[in-house]
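What follows is a pair of complexes built around chain A, which joins chain B in one and chain C in the other.
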Partner chain A sequence: MNYGPLIFLAAFFALASSWFGVVLTPQLNVGQLQQTNTLNGALYPVARPGTAQQGLQVYRANGCAQCHSQQIGQSGTVFDVLLANAGTNRAALSEALQKVKPTLSAADADQLLSRIPVEVARFTRREEADAAVKTLSVGGAKAQFLVCPVGPDITRGWGKRRNVAEDYLFDSPTLLGSVRIGPDLANVGVRQPDINWHLRHLYAPKSEVKGSTMPSYPYLFEKRKAGRQPSSEALALTSELAAEKGWEIVPTPEGKALVAYLVSLRSDAPLFISPISLASAAPAEVGTNASAANASAATNAPASK
Partner chain B sequence: MNANLNQPVMVDVAEPKAVSGQVPVWLFLLGFVLLFWGMYYFDQRSGWFKTEVYSPYISVADLQRFQPPTGGVDLGRGRAIYENVCALCHNPDGAGKPNQAPPLAGSEWATGSPARMLRIPLAGLTGPIDVKGQQWNLAMPAMGAQMSDEDLAATLSYIRLSWGNKASEITPEMVKAIRAQVGNRSQPFTGPELLSIPEK
Partner chain C sequence: MSATESPIPSSSVGSSPGCGAISSGIDSSSRLPLLILFGAGAFWLVVSSLLGLISSIKFHSPNFLAEPAWLTYGRVRPAFADSLLYGFCLQVALAAGLWLAARLGRTVIKPLPIIAGAKLLNIGVVLGVLGILSGDASGFDTLNFPRYAAAFIFGGYFLIGVPAVLMFHRRAVRTLYVSQWFLLAALFWFPWIYSTANLLVVAFPLRGVAQPIIAWWYAANFQFVWMGLVGLAITFYLVPKVTGRELVSQNLALFAFWTLILFGSWTGIPRSAPVPAYLPSISTVATVLTTLVFVSVALVIWKTVDGKIGLLWDSLSLRFVTVGLVCFLTAGLMNIADSVAAFGAITNFTWFTIAQTQLLSYGFFSMTLFGAMYFITPQIVGRELPFPKWAGVHFWMATLGILFGLAPLALGGIVQGRNLLNAEVAFVDVAKSTLMFLRVSTLGDVLILVGHGLLFVNLLVLGLRLVRITCQAFLAEAISEAQPAGVKS
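Right, the complex of A and B next:
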C-alpha cells in the first residue's frame, strides 16, 4: 500500500502548525510595532544616537551578550502610599496614619511624620491604596499612591520596571542575552551614566568593581605619547595602572562607541503596558552592579564560584 | 508415528477477542477537572494573546488598575522631576547651594505668588534678587520651558508643598495660562521685573 501522500500530509501539517505558532503569530503580534507614547506624553523609544548605534555592533562583536542579559523581570506591582504634605492638623494625621497602618505606634507615627515627604504604607490592591489616601487626607494633608513594580531584579537595583517589546524597537539585532554571569544591562545607563567610569571599567574592571570577573578590554584603548597638554579623553587611572610619565591611555573610536551604547541603555520610561510612577519608592542602592551570582539565589544565574 | 499424525494440533492460547466494556466515570470527571484547570490557567496567564499584556498583569482591565493616578497634581512625579532636574543646584532638600542657587525651602519666591514663581522656570531669571533676606546674583536658565504643563505643575507644586513649605498647588491650567503670557520671550526675567507683576 502506498502511504506516500499520507506521510507527506502529516509532515506538512506538523511543520505548518509550528510555523504558525512560532513564526507567524509573533510576527502578527509585534512585527508592526511602532513608537508609542509614555505616560508623560513623550515619544518612546527614541532612536539611539549614531555612535551608540555603532556601539551596539561593538557590544555584539565582543560577545558582551554572552555574560550580560538585557531583560528585567518583574514578579508583581504594589502601591506605595506617599505622604507628601502634613497639612495643619498633626494629631488627626497621626491618628489616620495609625488607622492606615495598625502596627504603627504613636511614637513611630510621629517619627514618620517628621520625615515628610515619606512613603508610609504599601498595598497590593488599588482599592486599599485609594482608601488609605482618602484616610490620610485630613486637615489639608496630601497623600497619593505610587505604582511600584517589584521583583528580584528590581530589588537588586538593576531596573525600575519589566522590559517590554517596545524597549528593543531600535536594536538590530536584539541582544537579549540569556546568561547572567555579570549584571543585567537593560538599564545600565540609568544606574551609571558616567562615561569615564565605564571607560575605566572596560580598561581595568577590577579597579572599579572589586572582585569583578569581567575580562579587561585593552584593545579598545591605545597607549600613546602625551602631547604638551594631556588629552581630555585620557583615562584617569590609579598610579599602578596608569601609563608611565609622558604617556597616556585613550579610548579608540570603538571603545567610545561601546560606552555611548552602554549609557544609552535605559528602560525606565513609564508606559501604559508597563506602568510605574516616576518616583519609585525606596530606590534600591544606586548602582548595584553586583553580579547575580552573589546577589540572590532566585535567578537563573549560574554559580560563578 | 501415524497415530501422532491423526491427533489434532493442540492450541494452548485462546485468540484475543474485543469485547465492549464501560469506561469508568472517574476518568471523565478527571478529564473535565483537567480541562477546567487548563482553561483557568490560560485565562490567568495568557492575557488572551493581547500584545499589551505582559505578566504579571493578566488583562487590559487589570493593567488599567495599575496606572498611576492621572488628573490633578502628581506630587510623586513632581518629586522625581525635581530630583532629576532641579536638585543639582537647589539641593534635594531645597536648601540651595552657595554660588549655585538660592534656597527654595522657606523662600518667599517659592511660596509666594504663582504668577511670579511660574515665570522663573518658563523664561529664566538673571540678576540680583533677595531670598530670605540674602542677596543672590546668579542666572537660572529656562529649565521648565521644555517641560509639559503637567510636569511643570507637578514639580512646582512639589516645591511649594515640601520641606515645610505650605503654599497653594499649581495646576496645569495655571501653567498653560502663564506660558501663553510669557510667549516665546527669549530674555530671562529680572528680580524687579518679576516684582512688578501683579500677585494674581
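Right, the complex of A and C next:
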C-alpha cells in the first residue's frame, strides 16, 4: 500500500500545528489588544509624538536593537508594608509593630515609629502583608502595603516593573532586542530625560559614560560654520571634542528624531496585569501635601531672587 | 513504511568511470545550475565573513569604522548574518537538495528554471545586503532583508522549488529514502514560514508584540527546523554513501524526522519575553522535547559507523559533516539548557544565545553544506577541484574558526549573564567583562574568512577552466564544421 499521501498529510499537520499555535493564536489574542487603563485610570499606552515615531525608524535603520533590549524582567513581587500615620495610640502601635516583626526590640520599634512615614516590613506573600496591615491599624494608625516588583533589572534602575505586551501597542516595528551588549532601554526616557545628554552621548559616548563600549554616531551630526550667534542646537562639548573655533556640531534631523524617540521610552505606568504601587502616591495626605509644598517652594525660589 | 531504499547499492561512489549512464546523465544535467548556485554561494560566503570580521572587530573596538553610516555595527552585523543565511545557506542548500533528489529519485534536473531562479535569488540577496547597509533593514533578526529583497528571494525559491517538487513527482525510483522525506518537508516548509514572516512582520506588520512572536517563530523554524531537515538529509545520505555501510535504522532516522517537525517548530519564544505566558511555556516544553531529535540522530550515526569514528574521518566530505553533526548536537544541548529556568536566567540576553544560533547556522549547517559541496562538485564536473589540498586546509580553518570564534562567545556569555544578574556590578563593567572573550573570537573570524577565501578561489578557478574548455571545444567544433564546408564549395 502506498502510504505516501498519508505521511505527507501527517507531516503537513505537524508543521501546520505550529503555525496555528504560534502565529494565528497569538494574533487572535495579543494581536487584538486595545488601549487599556492604568491603575490610575489613565488611558495606556498613548502613541508617541511624531518625531519620536520617526526616531523609531532611525533606531531600526541603524540596528540599535542589535545591542539594546527593551524588555524589563522581574523575578517576583514583594509587598512592603508602609506605615503612613502613627495615629494616637503609640504604645499599642509599637506593640503591634513587634507582633508584625518579631525580631524587633521595643527600642527599635520606637525608633522606627519616629521616622513615619516609613516602610516597616517586607513580605513575599500578599496575605501576610494584608494581615500585617490589619495588625498595624490600631488607634487610628494608617498602614498600607505597596506592590514592589523585584529583580536584577529593577535593582539596576532600568525599570519599575516587568514589561508586558500592552507596552508596545503603538510601536511598529516592535524591536524588543535579544541581547544586552548595551543597557536595556525600555525606560531610558525616565532614567535620562535630558535631550542634550543623549545628543552628546550619541556623538561621543565615552564623554558621558566612562568606559562605554558604544560606537559613536558621527553621521547623525553635522559640522557647520557657526553664525554670529551659535545655534541653540549646537552641542556643548568639552574642549577636546569641540569643533575648532567658528564651527559647531549640530544634530541632523535623524539625530534629533532618534533622541526624541529615546526620551519617549518609558513603560512604568502601573497596569492591572503588571501592578506596581507608586511610592509617591502612597501616603495619601502627607504625600500630596508634602509634594505640593515642595512644588510651590520650587516655583517660588526663582521669583524671590 | 515505504522508506526502504538505501543510497549505497544503486550507484557507485565518486566519479569513477564505473558510474552508471543515468547518474552521469544526472551529473551532466545538473552541472551548470549547480555550479552557478555553488559559486554564488561561495561568493556570498566571502562577503558575509568579511562583514562578520568587521562586526567582530567592532565588538571590542567600537569606533573602528564608525564613520560611514553604512558601516555602523547595527547595519554590518545583520548584513553579515543574513548574507550567510540567504546568500550561502539557502542557495547552496537548494543546490545540494536538488542534486540529492535527482540522485535518489534517478531523475534529471531541468536546468533552465533553476538558473532563472538562481538569478532572482542572487538579485534578492544583493538588494537585501545593500538594503540593510543603507538603512532599510526590517529590524528583526534573520528577517532583516527589506521586503523588496524578500520578494526576489521568494520568487527565486519558487522557480527552484517547483521543478524540485516535479522532480520528486517523476522520480524513477518510487520508494523514498529517509533523506527524501527530510528534503520534501523542507521544500514545502520554507515558503510557508518565509511568506508568513515577511507578510505579517515586514510587509504588512501586525500590531505590537505579534511581530516579534512571529519573527521568533520564523527564526526557530528556519534555523533549526528547516536547516535541520536539509542538513540531516545530507548527513543521512553522505554517511552511508561514503562509508559504504547501510544506515542502521531508518525507523530511528524517521523518528528524528517526526520529532524535529513536531517539536522543533514550536520552539523559539524566549523565556522572558513580554508576551502571554503560555507562549514561552509551550516553547520551553517543545525545546526540552527536542532532546529526542538529538538522541535519535546521534544513535543512528553512531550505530551506522558501529562506533568507529575513524570511518567518518577518512573522507574529507565526511569530516565536514561530522564536525557539523557535533555542532548540531552541541547547539541542541545549549538550546535545551537555555530553555531550562536555572540556566536560562543566566544566559538570557547574552552572547551565549548568539553563539548558539551561529553554532546552528554556521557550525552545523554550513559545515554540512561544505561537505556536500566537496562531495558533489567533482562528480558533476567529472574532475578534481583545481587545488584539492586546499579543501583540507579549509576544513581546519573552519573547524578551528568555530572553536575559537564561538566557544569564547558562549563562555563570555555565561560570564556576562552572571554579572548581569548581579546588580552590584555596574553595567559598564558587565560589558568590559566580555571584552577578552570577544577579542579571541575575532581570531576565529579571521580563520573562517581565510577558509572561505580558499573555497571561493577553488571554485572560481574551476569555473574559469570549465569556461575555457567549453570555448575551446566550441571553437574546435566550429572549425571542423567550417573546413569540410570550405572544401566542398
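Everything that follows uses one rule, which is that the second predicted complex is superposed on the first by the 276 of 305 C-alpha atoms of A that agree within 3 Å, B and C clash if a C-alpha of one lies under 4 Å from a C-alpha of the other, contacts with A are read in each partner's own complex, and residues count from 1 in each chain.
As a working rule, a residue touches a chain if its C-beta (ideal position, glycine included) is under 8 Å from a C-beta of that chain, and two chains touch if they have at least 3 such contacts.
Since the structure is predicted, the reported quantities are computational estimates derived from the model, not experimental observations.
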{"item": "Partners on chain A (chain B, chain C) - clash or fit", "value": "fit"}
{"item": "First, second, both or neither for A:Pro275, with chain B first and chain C second", "value": "first"}
{"item": "Which partner reaches more residues of chain A (counting touched residues only), chain B or chain C", "value": "C"}
{"item": "Which of chain B and chain C A:Asn29 touches, first, second, both or neither", "value": "both"}
{"item": "Touched partner set for A:Arg162, first chain B, second chain C, both or neither", "value": "both"}
{"item": "Partner chain in contact with A:Leu39 - chain B first, chain C second, else both or neither", "value": "first"}
{"item": "Chain B versus chain C as contact partner of A:Asp171, first or second or both or neither", "value": "second"}
{"item": "Partner chain(s) touched by A:Gly76 [first = chain B, second = chain C, both, neither]", "value": "first"}
{"item": "Which superposed partner A:Thr124 touches (first chain B, second chain C, both, neither)", "value": "neither"}
{"item": "Partner chain(s) touched by A:Gln111 [first = chain B, second = chain C, both, neither]", "value": "neither"}
{"item": "Smallest distance from any CA atom of chain C to any CA atom of chain B, in Å, after fitting", "value": "5"}
{"item": "Footprint overlap on chain A, where chain B in one structure and chain C in the other make contact", "value": "29-30, 162, 164-165"}
{"item": "Touching residues (chain side chain A, partner chain B) in the complex", "value": "25, 29-30, 39-41, 74-77, 82, 84-85, 116-117, 126, 142, 144-147, 162, 164-165, 270, 272-279"}
{"item": "Chain B to chain A touching residues, read off their complex", "value": "49, 51-57, 63, 65-70, 74-77, 79-81, 83, 148, 150-151, 158, 161-162, 166"}
{"item": "In the complex, chain A residues that touch chain C", "value": "2-4, 7-8, 11-12, 14-15, 17-19, 21-23, 26-27, 29-31, 33, 60-67, 69, 71, 73, 152, 155-156, 162-176, 178-183, 205, 209-219"}
{"item": "Touching residues on chain C, where the partner in the complex is chain A", "value": "1-2, 58-60, 62-63, 66-69, 72-75, 77-78, 135-141, 176, 181, 184-185, 188-189, 192, 196, 200-201, 205-214, 217, 221, 225, 258, 261-262, 265-266, 268-270, 272-276, 279, 282-283, 348-351, 353-354, 416, 420-423, 427-432, 435"}
